[in-house]
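Each of the next two complexes has subunit A plus one more chain, namely subunit B in the first and subunit C in the second.
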Partner chain A sequence: MKRNLTVKGMAALALALAAPVAMGEVSVEEYRAMLADKDANPGFLVIDQGEVLYKTKRGPKNASLEKCDFGLGPGKLKGAYAQLPRYFKDTKRVQDIESRLLTCTVTLQGFDEAEIKKKTFADQRYNETNTDIEMLAAYVAYQSNGMRINPPLKHPAEKEARKVGEAYFWNRHGPMDFSCATCHAEDGKRVRLQNLVNVYNKKDIQATMSTWPTYRVSHGVARNMQHRMWDCHWQMRTPDIEFGSPATTALISFLTHQAKGGTYDLPGMKR
Partner chain B sequence: MKNRTLILSALLAGAFGTVHAAEDLSAKVEKLVASSFKPGEGQDMSRLVQDETQKLCSKYRNNPPAKDADALNKRERATIKYPDGNKLMGDWKNGEKLAKGGFGMRIGAIEPDPTAKQKGGNGGNCYACHALDPKEVAAGNIGPSLTGYGALRGASDDIVTYTYDKLYNAQATVACSSMPRMGHNGILTPQQVADITAYLVSPESPLNQK
Partner chain C sequence: MAEPMRIRATMAGDVADVKVLMNHAMETGLRKDAKTGQLVPAHYITEVTASVNGTKVLDAGMSGGISKNPYLGFKVKGPKAGDKVVVNWVDNKGDKNTAEATIG
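Now for the complex of A and B:
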């Protein structure tokens, strides 16, 4: 990646990083205005870190991830994220970017899946920096920047994931009786001051999906869709939904298909 | 959303076997859930088990046939419990605190709500979905505005009972309401529901001041 943070950008960045605690409910638009210079998105630093990690020989097999196949062939990164989630023959299931990364760290590098799953997200309460898998996903996703969201829908498993993902979107459970649809199926809704995406509004869901992975100002780290799925379940008061699980993958399939035709504008920047 | 669900049901009904298709999908969702959460420290798998009402609202995407909706209302009405002494107007000041709170009941191994910090009970999360006190701007809009609720409706026994019942179990009157069944699901106790009822209805409540 060839971007450099400008001096002006760095000043704005320092402001923004100091802001989250003090500013509470400041809108993303205001953050964006502060950070008018897109080069100042701290997500770019995470992408750079992800690139180094991706190319470094690591793990019991002392291998890099450069041969990882995201659907377009081993090592073909350009445009791969734009065509995820998709069905993979080797694992015989539909995978999103993060569950696929998990597969590659296990098969190519020899890492232990259960061990990685113990700690997939940085904990913003302790100012942690991004986890390896968060950085890797940010880097791989960025290789589809500017491309159309275009997940395949040929394999029966891809059709099934999308369909069951939508049905799960309407599934009400937990002590709050919530489903995803409670908050994300109508225009113009808010929880407190936070605007809620309507996944049945094409423009709305395209704007959402095209900007993940995203830098989350309130967390001070880059976040990926698996984290957002966990976060919304946490708000729904369910147990922790598993990283890369069939349900998160089905939801992400559904959401990505709703956003088909949008253009990736990465990394995003959100509250 | 209503329109879309209607169109969807119409489309499904026009095709063959509406019920079969929906039942089939429900079974698939159940399997999906069973394979996507793991028991362990801090988890509570019982929260994933749907009651009859959650199942019905999921299957019909919150738009159940009229007959089912009536049965649902009756079933939910029967769950309503009142506080000892049947005093449905409690302490509005405590009600205000509860209405403003959003804390409580988040679980899991990653970021559970610390129960030690939680003295006054769970928050009612009312501001997530409703405008209430006109001075509080950070109000959501999933539910209708409740600003001036008591000033507009008065404080008759009927209004007090309607309000208490709505908070205790929103689905006693509105099948598949987006509002959580606060009392029935154990988010709030009967006494806490009475306190919030007073916060909505009482003429002294800031919610009813201009």
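Now for the complex of A and C:
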């Protein structure tokens, strides 16, 4: 009798432990399907704002960004994001979309780089609207929607960035001795109910990289990869990683090359 | 000045499927500013109306319970492709916004 009760008790306990996880995954799946409805994606509001901003004459030089070169020539936006990060001759370094936007706002519009870097991301704790650079990144990236992720790997600096990025990905650092790989190098890892991408799983990383920039519902704003890098570093409790720095561009180069061949599906929408 | 809305309206059989994205902070009035400790004043949409070819088809009340940048989807029976949908909102500060789209 006693044994019977114990077995029953254990079965109930096992159920109790298993059920929340299973139910959680189902409801998250449903939620994701709803998030996939593009017509319901407020990221488009941000893209619209980015377009206006891109074409407006602003800054000390009273110029628009319409002559910004994202690698395919000045003002050529279509497909440009699909071939980033890449090496730029004028700045002599590998740049991603955000660091390139920073270059253009400085060189074309005359803005102060240090001033822009003081506030690159909207703070969701204050219900802020997107910063200019977040809106611009969302707009420029959207011009590559439906195209293949295809960053170039010809210039030695591009090869170096990819390599350095992967090394950095595995490098354990900070007060908690984390690396990116601690969370992102194995299938099936998660933080609470959030499934984590395995950067070495082609399907996984393509699904991730093809949907950034993305509208974060919990933030109420569109976010870009630079924000993701900064946020992951914050989660690892390291000092703030610098916006558009060589370290972030190298990481993003590595991630983008891992996702090569995926198709951009923009703007994304995530929890 | 209120930022523009986005409307998408398509016919599915004899039903028009209208999807509206509104740009709004939707402050509940219950949130405290982390720096000052003061309540952030409420600022949210209170009423949304929609009309098709000048006839009102939807009149909705909203409040601080709706998320930032609200999305509203609704279906209307009767209109034809080419008809005009107009969506208006008013918020608790009296700000207004209007946008229109053609049903495709």
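A few notes on this one:
Everything that follows uses one rule, which is that the second predicted complex is superposed on the first by the 234 of 271 C-alpha atoms of A that agree within 3 Å, B and C clash if a C-alpha of one lies under 4 Å from a C-alpha of the other, contacts with A are read in each partner's own complex, and residues count from 1 in each chain.
By definition in this document, a residue touches a chain if its C-beta (ideal position, glycine included) is under 8 Å from a C-beta of that chain, and two chains touch if they have at least 3 such contacts.
A quick note: this is a predicted structure, and the numbers were derived from the prediction, not measured.
In the superposition on chain A, contact of A:Arg237 is made with subunit B only, not with subunit C.
Look at A:Asp112: by the touch rule set out above, it reaches neither subunit B nor subunit C. Shared-chain residue A:Arg125: touches subunit B and subunit C both. Of the two partner chains, subunit C is the only one that A:Gln49 touches; subunit B does not reach it. Once the two structures are superposed, subunit B and subunit C can be ranked by residues of subunit A touched, with B on top.
In the superposed model, A:Asp39 makes contact with subunit C only, not with subunit B.
Legend: residue contacts after superposition of the two complexes on their common chain; A:Val164 is shown touching subunit B, with no touch to subunit C.
On subunit A, the surface patch touched by subunit B in one complex and by subunit C in the other comprises residues 125.
Those residues of subunit C that touch subunit A in the shared complex are 3-4, 6, 8, 19, 21, 23, 25, 27, 31, 33-34, 40, 67-69, 71, 73. Residues 39-42, 44-45, 48-49, 125-127, 129, 217, 220 of subunit A are the ones touching subunit C in the complex. Touching subunit A in their complex are the following residues of subunit B: 1, 4, 25-26, 28-29, 32-33, 35-39, 42-45, 47-50, 54, 57-58, 61-62, 105-111, 125, 127-129, 137-142, 178, 180-181, 185-187. Across the complex, subunit B is touched by residues 25, 121, 123, 125, 163-164, 167-168, 170-179, 181-183, 185-186, 188-193, 200, 230, 234-235, 237-242, 245-248, 250 of subunit A.
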